[in-house]
Structure formats: structure tokens, C-alpha cells
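Scrolling down, you'll hit the structures one after another.
Common to both upcoming complexes is subunit A, partnered first by subunit B, then by subunit C.
Now for the complex of A and B:
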């Protein structure tokens, strides 16, 4: 019980640290840290928070979220929104969009953690493949595009992000291949 | 059933939000959004004070009655400003008769007023063989004016890794009534020329 409380406090602390203006500015000064550190960490905080929700809340939510479908739709919509270049720019220049980001991204994490385990294995497979394809597509796009997508970020930044996305996507693909062919489990998912 | 209802509700609301926040699927980036916005909502340009290359104070409204093409530059720019100013040079050549008839003016505004002294602005213009009568370079007189100008045009300027700047680049068209009516990207010089030919002719017909 004591450990449980502690972990929730940790999550809250992580969230507050991310929201502190110096941290926020530090992570948002580069497209790479904004998209590959800040937003994923916010989502992970949500994910872990979702695991910590009281059981009776979970079962109430499940009534509205059979097979995890509702939650996945919500998560996909929030994800799509924050993939819009102008949404990212808006979060930097306008505080209320920033607030929306700090609320919706953790909600996305919660929705994912509540819905993913309920999802049919085939749906899980399709979504995983789609996430992976998004990594590769965006990575390729960012590398190839001659123009900046975000008015607040440099072209060089966009290129680095593209490389990292492709690299991450490739690592993921290798991990999958190993698992499918040899049953080696490098990561848990 | 509840799941179905909740899913439908979230899917519809979510799609609507995405639809609205991309201006009905037409603008995915800030740059696209600002171009679309001025096309649909032309707005009057306030009377800011600018200092031109001859140390005179001017305002954008001084050119009422002519179309005015504005670009944003800093004179030590190694890349995109050179293309922009090259574009203005090409306009100066192609639209020389309109310039003579006072139907068109060109204005380069510097967003680096500390470094871009009138002397440097003059050098910049000379570099592009600008005719000072038709093509003016100017800098904001104070940093608050600079912010107001950049804010109005929604031009975002960020420092780059070489001590210079990266910035939203484009040709901003102000009509004879003093309204910002269109923005063309650096790559849209030909579209800008077509547009100008059309609107200037229309204006001429209107007057005659």
C-alpha cells in the first residue's frame, strides 16, 4: 500500500516537473525532444496512472469500453491531433493549447492503458503495424521534405527527428522479426 | 450498446475537432493556415512607423493606392531572404510599367533592426539593383513595433545554429485600400505574378 501511494506521487512529481516552465522550454526548444521526449513521457505518465486507477472505476469505465474500442478511438484521435504540425506550433505559441496538450496526452495514455489489454489480438496486431508504419512514413517524410513543417523549428531539427524515427522504426522491425522467426523476446510487447 | 454509443460520440466529436482545427482539411501547418486566413479575412494594416534606407520615417499606409509587396528579411541572411529579394528583383523587372504608373511598390522589412542600419539596408537594395523609387527597405523603429509587425503578419522568426535566423518566408500582398489580402510562398513567385497581373488590371479597369 505504501509503495502504491509512493508511485502515484512519483507520477504526479514527474508531471509537475515536465510542466515547470524551464523544463517545458528546454524540451520544446527542439522538435526532437518535444516529440520524442515530452509527449511520450506525458503519455507514459498517463499509461501508468491508468494502471493505478481503483478497480471499481476501471470496471465502470469498461462498461462503456468493451473490447477497448472506445478508448482506442479516443487515443487515436488525440494522437492524430498532436501529429498536426500546426497543433505543435500552437502549443508553443499559445498557452491554452499547451494546457490542452498537458491534459489530452496523459488522457491518451490512460485510454491506452485501459483499452489495450481488452483489445482483440488481431486489432492489436493491426494497430501495432499501423503505429510502426506511421513511424516509418513520418521519418521518411521528415527526411525528405525540403520545407519546414513547424514554423518554430529548424529544418535540421526536422531531419534529425526523421532519422531517429526511421532508426526507432527499424529497431522495432528487427525486434519483431527476431520474435516471429526465433521466438526471441527483446521487449515485452 | 453503451460502448457503441460512446465510440460513435467520440469518433464524431473527434473528427469534428480535427476538421475544424485544420480549417476543414485545408491547412495542416501554421504557414498554410496564415495564407488561408488572409485570403478569407483580408485585414487592414495598422500604421506602424518604419525607418527606410534614407533615414526617413515611413508607414505602410503611405503607399495607399498602390499594391504593395512586402517581404521580411535580415541583410546578413545567407539563404531564403536572397531568394525572396531575388523574387522582388524579378518583379521589378516584369512589372516595370506598373511601377512607373504607381500601381505597385515593393517593400523589404528587416526584422533585425539592431544590425540592419539604413546603410546596410541600402547596400542590400543595391545588391539587387533596386530602384529606390519603387523598392524600399525599412526597419521597425522600436522592438515593440517589430513585435507588432511580425505578430500582424504572423511571421515567426527563430534563431538558427549559425547566429542567423530561420523565418516564415513569403510575399505579402497589400492592396490599394491598405489591406493584407494574400500571402505567397517563396516557391510561388509565378503564382504571385499571375495574381498581380490580374488584380492590377482589375484595378486599372476600375479606375478608368
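Now for the complex of A and C:
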């Protein structure tokens, strides 16, 4: 019980630290940390929070979340929205968009953690693949587009992000290959 | 070894599951054969147009060429998947629902593609080579090119779903793809199990290469779509071409490796002899995984910016591509049939023909994969010559042979009727001639993908038209048989 409370407090602290100006501004200085650190960490906080929800909440939500479909749709919509460069721009320049981001991204995490295990394994596979392909497509786009996508970030930033996305996608592909070919697990899930 | 006993055991399904599965396989075969037939009529039309016997507009020619290419590739995929799924499900537990899901997604994609071609006028060939779809100079709209690529994308997603199910089922039974592919046996980690199902080995190979091929296709199709609507995004054309041909080559090649399962499963039945799995067999299938994926740069031999090492690899691999599996399969098939007292039915005749067609078709393919020859033959009709050879005489006989098996020959040892024999020989002679005329045209430097042929070339096209008519006749007889007899046929034991 004590540990449980502690973890929730930790999550809350992490959230507050991310939201307070020093950290918030530091991470949003560059497109790379904005997209690859701040947003994923917010989502992870949501994911862990989802695991910690009281059982009776969970069972109530499950009624509305048959096979995890509702939650996944919500998560995908939020994810797609925050992949739009203009959404990131808006979050930087206007405080209410920033607020929306700090609320919706953790919600996406919660939705994911509640819905993912309920999802049909094949649907999980399709989503993982689609997510992987998105990494590769976006990485390629960021590398090749002649113009900046975000008004707030430099072209160089966009290029680095592109490279990192391609690198991440490739590492993921290698890990997957090892797993299905030889049963080697690099990351335990 | 207890695990060996498990490995060769069969999966149990309920009766209704089995009935539904058989129905689904027949739906795949009938859909595939009907599309083949229609596309062959398209081929006949193209040949007749090139031979000046009929007159069609140039834009219509390219629409027909596009629908022909994409249609036969789609039909080959859906029909060979039917063959593969039918046998694979005996060894690993596959889901009927997923099989049907892919089928209906496929049909949706087909409708989109047909619309884009015949309503939207898209005629940029099934290879949608960037940046052609975006620069039609008014022949088709951006929307038409987009719907075509979206249709392909949707079909790809359907197949990925199906392959996820294959992968899930194979992993559930064998633990890893290395094991189902037989690598553990090949490298001595496990004793060789002569009963290790060939359907599982072949399916693992197909699963690996097609998964990667379709994944590459999914990325490149979306990049093409983005370019259509966002012309300032100009992806590297060479990279796009690499991905497109990787996708295209792998996907069409894999259909043969999926269909050959019918040979492995059916010849032992008809000859009454077992076909044991051994290390040579496993080694061949292991090699082919890399070969099928590594040879695609033979489509890019004339692209000078390509790195030399890729070209050399492609050329070296192309020499041997297909050979390992071809040799173990051809030799194995001969050994099974030799003095077995086999009764020649249409099924066995077709399966045997497929071995010949595949083997012989590879020869012109290898020739063309040599840089010095490619310099002359690149983009001549030599290219359609080699692939029509092993698709018409290698791939289709496997699929049609399997259809005959399901249609009754497998069960009541039904004798071929006169129409079947007529169909067989019309098909055999026609297909052989079709391919040879293409090859001869290529040897005479007649270019491929030209709607209008020069006067000196017209005779070739006219002979080709006659040959095409024979193929159409044979296929018509086969397809009628499939449509009328297949639906009611019981499952061969």
C-alpha cells in the first residue's frame, strides 16, 4: 500500500517537473527533445497511471472499452494530432494549447495502458507495424523536405529528428527480427 | 524425441471450421482464376493491338497494361495464398476469420484499383514508378494515381494481417522462425526430422520475405502519395525505385514459393511415396530467403548511380536465385514419380509441367540478369518473355493443378475428361508460344511497353496473338471447371 502511494506521488512529481518552466522550456527548445523526450515521457506517465487506477474504475471503463477499441481510437486520434507540426507550433506559442497537450498526452497513455492488453493480438501487430512505418515515413520526410515544418524550429533540428527516427525504427526492426527469428528478447515485454 | 512427434502432428479443427475453411480456399481459387482469365483477355487485346489486328487508343492500351500487371500479380497472390493456407493450417492453427478478412480487404483494394484505372484513367503501370504517377501530363488525375496507390496499400495491409496470423501460429507451435524454417536441424542443434512439414518451411520463407517486401511497399506507397499531394516533397528517386522493385520483385516471386507447397503435398499422395525432409532441402530454403530479397537490383542494372557492390551482389545472386529450391524440388519430384506407377491425371500433369516451366523459365531470367546482356535486352520484350514463361508454365500449373485436386481428382480418382485434355494442351502450347514469341521479340530488340509497334515487329505480335488465344481457351476451360465443379466438391481426404 505504501509503495503504491509512493509510486503515484512519483508520477505526479515527474509530471510537475515536466510542466514547470525550467524543464518545460528546456525540452521545448529543440524539436528533438520535444518530440522524442517530453511527449513520450508524458505518455509513459499516463501509461503507468493507467496501471495504477483503482480496480472498480477500471471495470467501469472496460464496459465502454470492449476489446480495447474505444481506448485505442482515442489514443490514435490524440497521437495523430500531436504528430502534426502545426500542433507542436501552437503548443509552443499559445499557453492553452500547451495545457491541452499536458492533459491529452497523459490521457493517451492511460487509454493505451487500459486498452492495449484487451486488443486482439493481430490488431496489436497491425498497430505496431503501422507505428513502425510511421517512424520510417516521418524520418524520411523530415530528412528530405526542403522546408521547415515547424515555424519554431530550425531546419537542422528537423534533420536530426529525421535521422533519429530512422535510427530508432531500424533498431526496432532489428530487435523484432531477432525476436521472431531466434526467440531472442532484447527488451522484456 | 517427443518434440518430433509433436512437430509432425496435425492440428484438429471442428467440422464446421473445416467446412468453412474449404469454402474459403475455393473462394480464393475461383477469384484468382477468374481474374487470371480476364487479365489474359487483356493480354490478348494488347497483343492484337500491337499486331494491328484491332485498334485501341494508346491511353486504353496503357490502362490495359496497368490492369493486366496489377491484376495478375494480385490474382497470383490471392490464389497462391489459398494454396498455402490450405496446407499450412494442417500443421499450425490458423484463423478462418483472418483468412476471410484478408480476402475482403483484397476485394476492396481491387475495386479501388479498377476504379482508378477505368474511371480515373490511371495508366502508369503496376510498378507506379516515382515520379510517373505524378506527371501524367493530363492523361490521369492526381486523384486517380492516389486511389491506385491507396488500393495497393490496402491490399498490402490485408496481407500483413494474414501474415501476422501465420507468424503467430508458427511461433506458437515452433517457438521461433529459425526452428520452423529448419535452421536448428540444418545446423545440428536438433536431429533432422524427416517428417518436418515442407509446407511449414516454405511458409516461413514466404512469410519472412513478403513481410519485409510489403513493409517496404507500405513505406514507399505513402511517400508516393505524399509527393502526389505535396509536390515540393521530392524523395530520392533512386531510393524510391529500390524500394518499389524490392517490393514488386519479392511479392511476385513469393507466389511461386507459396504455390510449390502444392507439389510437396500432392505428389507424395499421387505416387504413394513419402517425400522426406532432409538437410539439403532445408539448406535450399534457407538460401532462398536471402536470394529472393537480394536479387531485385537486377531491375536497376542500367541505373549508373547505384553502388557497384549492390549490382555485383545482385548479379551473382541472380545467377543462383531460385536454383537451390528448383533443384531440390525438381529432383525430388522426379525421384518420386520415377517408376512409381503414377496415374497421370490433370493434377499430376500440371504439377509436373510446373517443374519444367519453372526450371526452363529461369534460364532466360538468368541471362537477362547479366550486365552485358542486360545492356542489350533491358526493357525489351525479353523481360516479359522470361516472366511469362515461369508464371504461365510454372506458377499457374501449380495453382490449376491444385484446383483440379480439390475439384475431385484428389478424391474419387476421377479421370480427366476430353475437355480437360483439350484445355491442358491448348494451354501448354499457347503458353509456350506466348513466352517464346516474347523472347524472340526481345532478341530482335523489340522494346517492351510500346503500345504501337513498328511495321517490322508486327508479325511477332500477330503470332503472339494466336498464341494468346490458345492460352485463353485453355484457361477458359480450366476456369469453367473451377467455377462449376469446385463449389460442390468435398474435401479430399
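By our rule, the second predicted complex is superposed on the first by the 188 of 189 C-alpha atoms of A that agree within 3 Å, B and C clash if a C-alpha of one lies under 4 Å from a C-alpha of the other, contacts with A are read in each partner's own complex, and residues count from 1 in each chain.
Please note the rule applied: a residue touches a chain if its C-beta (ideal position, glycine included) is under 8 Å from a C-beta of that chain, and two chains touch if they have at least 3 such contacts.
Predicted model, so just to flag it, every value in this text is computed and none were measured.
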Superposition on subunit A - do subunit B and subunit C clash or fit: fit
Contacts of A:121 with subunit B and subunit C, given as first, second, both or neither: second
First, second, both or neither for A:95, with subunit B first and subunit C second: neither
First (subunit B), second (subunit C), both or neither touched by A:77: first
Partner chain(s) touched by A:180 [first = subunit B, second = subunit C, both, neither]: second
Subunit B versus subunit C as contact partner of A:149, first or second or both or neither: first
Partner chain(s) touched by A:129 [first = subunit B, second = subunit C, both, neither]: second
Residues of subunit A touched, compared between subunit B and subunit C (which is higher): B
Gap in Å between nearest CA atoms once subunit C and subunit B share a frame through chain A: 9
Residues of subunit A that lie at the interface with subunit B and also at the interface with subunit C: none
Residue ranges of subunit C touching subunit A (in the complex, touch as defined): 95, 98, 157, 160-161, 164-165, 167-168, 171, 175-178, 215, 218-219, 222-223, 226, 232-236
In the complex with subunit A, residue positions of subunit B that touch it: 2-3, 6-7, 10-11, 14-15, 17-18, 21-22, 27-33, 156, 158, 160-161, 166, 168
Touching residues (chain side subunit A, partner subunit B) in the complex: 63-67, 69-70, 73-74, 77-78, 80-81, 84-87, 89-90, 93, 148-156
Residues on subunit A engaged by subunit C in the complex (per definition of touch): 121-122, 125-126, 129, 132-133, 136-137, 140-141, 144-147, 180-183
